[in-house]
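Written out below as structure tokens is the structure these notes cover.
We call the chains A, B, C and D, going by the order they appear; numbering starts again at 1 in every chain.
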Amino acid sequence: MVGLGILGIGRIGRIHLQHLVRDLDDVAVVAAMNPSEPGRDFARRHGVPFVTGDAAAVIGHPDVDAVLVCTPTHVHADHVEAAAAAGKAVFCEKPIDLSLERVRRTLAAVEAAGVPLMLAFNQRMDPSFAAVKAAIDDGRIGTLRSIHIISRDPAPPPIAYIRTSGGLFLDMGIHDFDMARHLAGAEAVEVYARGAVLVDPAIGEAGDIDTAYVTIGFANGVTAMVENCRQSAYGYDQRLEAFGSAGMVRADNPLKTTTLLSDARGLHGGRQLDFFVDRYAESNRRELRAFVDALQRGVPMPVTGHDGLEAMRIALAAERSHREGRPVRVAEVDAGH
Amino acid sequence: MVGLGILGIGRIGRIHLQHLVRDLDDVAVVAAMNPSEPGRDFARRHGVPFVTGDAAAVIGHPDVDAVLVCTPTHVHADHVEAAAAAGKAVFCEKPIDLSLERVRRTLAAVEAAGVPLMLAFNQRMDPSFAAVKAAIDDGRIGTLRSIHIISRDPAPPPIAYIRTSGGLFLDMGIHDFDMARHLAGAEAVEVYARGAVLVDPAIGEAGDIDTAYVTIGFANGVTAMVENCRQSAYGYDQRLEAFGSAGMVRADNPLKTTTLLSDARGLHGGRQLDFFVDRYAESNRRELRAFVDALQRGVPMPVTGHDGLEAMRIALAAERSHREGRPVRVAEVDAGH
Amino acid sequence: MVGLGILGIGRIGRIHLQHLVRDLDDVAVVAAMNPSEPGRDFARRHGVPFVTGDAAAVIGHPDVDAVLVCTPTHVHADHVEAAAAAGKAVFCEKPIDLSLERVRRTLAAVEAAGVPLMLAFNQRMDPSFAAVKAAIDDGRIGTLRSIHIISRDPAPPPIAYIRTSGGLFLDMGIHDFDMARHLAGAEAVEVYARGAVLVDPAIGEAGDIDTAYVTIGFANGVTAMVENCRQSAYGYDQRLEAFGSAGMVRADNPLKTTTLLSDARGLHGGRQLDFFVDRYAESNRRELRAFVDALQRGVPMPVTGHDGLEAMRIALAAERSHREGRPVRVAEVDAGH
Amino acid sequence: MVGLGILGIGRIGRIHLQHLVRDLDDVAVVAAMNPSEPGRDFARRHGVPFVTGDAAAVIGHPDVDAVLVCTPTHVHADHVEAAAAAGKAVFCEKPIDLSLERVRRTLAAVEAAGVPLMLAFNQRMDPSFAAVKAAIDDGRIGTLRSIHIISRDPAPPPIAYIRTSGGLFLDMGIHDFDMARHLAGAEAVEVYARGAVLVDPAIGEAGDIDTAYVTIGFANGVTAMVENCRQSAYGYDQRLEAFGSAGMVRADNPLKTTTLLSDARGLHGGRQLDFFVDRYAESNRRELRAFVDALQRGVPMPVTGHDGLEAMRIALAAERSHREGRPVRVAEVDAGH
């Protein structure tokens, strides 16, 4: 039995809490922190025995073996460092921080503390995406050559969220950059990105873009082409494919039903999933399961702080490429450049 | 908040209990009965406050508004009648009994008691199958002409189960006969069935068949063709289609992933689901939700005792057709024939 | 180089002539017969050097090695017998005759003459259907258990055609009965058929049905379920599947394009093919190629007169089953019953 | 009846000749030129009455209304100019020349002569790709945002061909650049390309690349991402999709059959087409039909010399981008830069 504490009972914190309570029989959520009452009430109604507004009280709780950091991005690093200092394992929503330097400092603190840290790149756990990775690793497509990722959300988040999100590349693209790097099995070397405001001019006025086209060159010769868009009229559109010397493997979107209707106008099928809780229920469940498994078996985390750092470097390089209209080497984003 | 009592914490009882605890926030499972300790232990571990070996104690429990009958078939009728006599709403696994006369008696008792009764034909709640029904009802395929149902289980149940199951038509086919009747929107008039032992000779030695081909003529001119088989090497295969004057609508099997691999030998996709908990998780959840909704809103149950009775009459006609090698009118199975 | 003569330049004769001229480099169509001028004109415009209204002149032409019988059904047998008597190989559209006795007499004449005869069950040559047969023969689905065939035409033929067609079972179903027998790899033993008039009452007034549901039991324990319908709002619908102990293989309809559109209402694909020249262009080509190959290599024909006879016996048994409302043994349709 | 002359009876010339003879009833191929005997023999066997080794004799033939230029690239411009000077309509395989200046000169000559010229971008005529274009034009996906094209050939051409091909961008990518521009409905402004030698080092030694990733920005804000690769283990892989504010439409690869097999390992489908004659038979036929239709009806050609020029400018910009490692404005490739 693993004792868990959750910091932040907002949107993602609630999803995690529900999965932990419903689907994981061998964990106990013993403590939860939220600054405001609604989140605390949610935690109480889901049976969390100790609910507070004080993060330190959760981190320091004697029955808490591991801390889930689900707070807003700007306090992630503080919470991760505090948990590490208390010797607790950490599961952290991405990104650890919007500053590369701060991320490095936090990761150093985690390493010094010797606690395990898992970054929440849940898309790696999607069954269809994981099957693509497995096909590559099993050599079924031969030597990998290229990766294509399309990632379109049903609708943009509120402008207020966008203002503090770190921008499209760090907020949304980072998932796909992690996936590209995960599938490529190598580090990114160079990034070229074009961005645009095609969905909502208000996003542009907030200083961000809503659509991006990114080409990433990896050290092993693999190239990834990624499209991100904040809006898709037909629901979540998150597909990827990997092409190699012996074949190609791809994952398409799950549909709500397998029902197909044929009539005089043609063929008609069901909608794609348009609510991220539906689209990623399975990967969220598997992500938490993977974290707890790694804890229980004492093996390395399936997604590490280093993974988070590298995805972030790609995002920052994409950001700079878009701004400067040229391909940017990933090394350029490190301190001093 | 609806108070529920469960009779029988075996295979299907456990599945229902887990869905009720995890997924339905507005019900409380207040009492559970199981004759043996393992089922009772399961109920306790899932937070049921009152756990007993005595069905009457569950039925009579003051906080129990509705009773779920998940016991073996031969005690279904007794439990339904006892719950009805106590004025409790009833949800009953199919069939109510293997004897048509007893089913009629039980339904009469339920009607006399004036309590709602829902039969557990969960496949009606499958999202893809429900979308087929909706397409028919919305007139999208015009006047319905025919229905095709293929229903193949991954593997046959133990011979011991088969001996008391009532036979392939009553145990397995009944789901598809209900579905055919549900889609046809009419009563069955005539049934022709061919049965065979193709999977396991031991099933034949137990007096049953493992494969059947059934043609059903409905009163509105619709014809259904149904195949049932106890074994499928590739997992659950449960598909259906409806054909009408303006189109055709069909539901295929869900796959574990959307991943497709192309190589020099062709195209390769994932396996079908081979565990009924996976295949029917969603329809089981929706079935319980529908029962509770009907209770709360005081509207008729979506699947009634009459539905159970009619599906059973089709199964009995199929049984006789197979035995006598001729088409059998459904009316022939009623008392006296 | 094989010299061919064609009897009948109507709908199917024209299709064959075009394929022969366009696609088969090693044949020469040296003679053609049609009773009326338009067909003769068509033949001349496609480069046939000898065009006549006299069948005997084509059959007796010294450069004609093989005769294609594409005339109306009621003269098939006469033309086949005349060609056989002249020692010419024969390709004959199905059926040879509507009378079983006459078919037997004609086949005896062909056998006595020692000439090769191919029956035009072109659907066997459809690439997707042939791949199903190959999968069965290669043991990829283990021991065959059942076959399902759905065969729906875009629209019924004119009532005038229906009156002389021999009825739904002999005119349309016969293709599917041949396919079922071909896939089953055994002879049919018993047939149960339900027929209905669902498409057009005028078809019923002409003494025929437009929809049928047929169950065929084969000698090796395989069962086939077949649906035929004269009308499909969404174009040709001709699908089949074979189920065995180790797997299942199926062929779906080809679509006009691979284009799929996703929008807020769901997924939309292209129409099915609705013109038999499109739907069966490839199988018609392959059928003629197979006939010429068998001639050139001196090997047995891929579809024989015996195949035509057996498919006809199934059709006649289906006809009687529909009329008498009971399963009919195929042997019952032979002379004397 | 349109009289046609063909220059060059090599690979593509033979395909065109066969389609013209087989599928177009209202054209007569009256003259053909090939420098060597095998091509001339092929033309004779397909019924061309006048066959020669002299291009001028074909161009000047009094019954030749239009000339198909199917010779090697380095003589395209000469042949187009000669045909134009003789007042003949021209159909020319792409590209007109590898030099932008020469192409411009040739187009000027064609314009001065006032003859119609069609460029052979046959992929526009592919039924599935054409359906994507139609969906865009019909507004079914709203305002177009992006285009993705994947174009992989089964196997690279011989090294000797590659040496004179003009390189991957001009030889292979040009089809996809034309398609992107056709779908975008705007002119390309900026191009970023990464190229690699992943298939065969000999291609690199010949000074070319075999794989490329190209991002194209169009004047109307649309972005296209294109992958080209000279080798695909699973046959032709040519897919495209268009994404807009109201939906997404895509065209997948056609398969040899619709047959799908399910077994204990999963789902298995047929191979993709691996011979360009199969893959593009339909689009080649439709291309020739479109040329002849435009001639007969006196309307503008569906693909013009200007289209060829613009696709070429994109290819040259991609080439320079790859060489210089930076995004290149298309205007940079014009004379003087």
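The rule is simple: contacts are C-beta pairs under 8 Å (C-beta built on N, C-alpha and C of every residue); 3 or more make two chains touch, one makes a residue touch a chain.
Quick caveat: nothing in here was measured; it's all calculated off a predicted structure.
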Selected interface, A-D versus B-D, where C-beta contact pairs are more numerous: A-D
Furthest chain, CA centroid comparison against subunit A: C
Rounded Å distance, subunit A centre to subunit D centre (Cα mean): 42
Rounded Å distance, subunit B centre to subunit D centre (Cα mean): 58
Where subunit B touches two or more other chains, by residue: 233-234, 237, 246-248, 262-264, 270
List of subunit B residues in touch with subunit A within their complex: 21-23, 127-128, 131-132, 135, 140-141, 246-254, 256-264, 270
Residues of subunit B touching subunit C in the complex: 142-143, 145-146, 148, 150, 152, 192, 194, 196, 198-199, 211, 213, 215, 217, 221, 223, 225, 227, 229, 231-234, 237, 243, 245-248, 325-327
Subunit D - residues contacting subunit B, complex: 233-234, 237, 255, 262-272
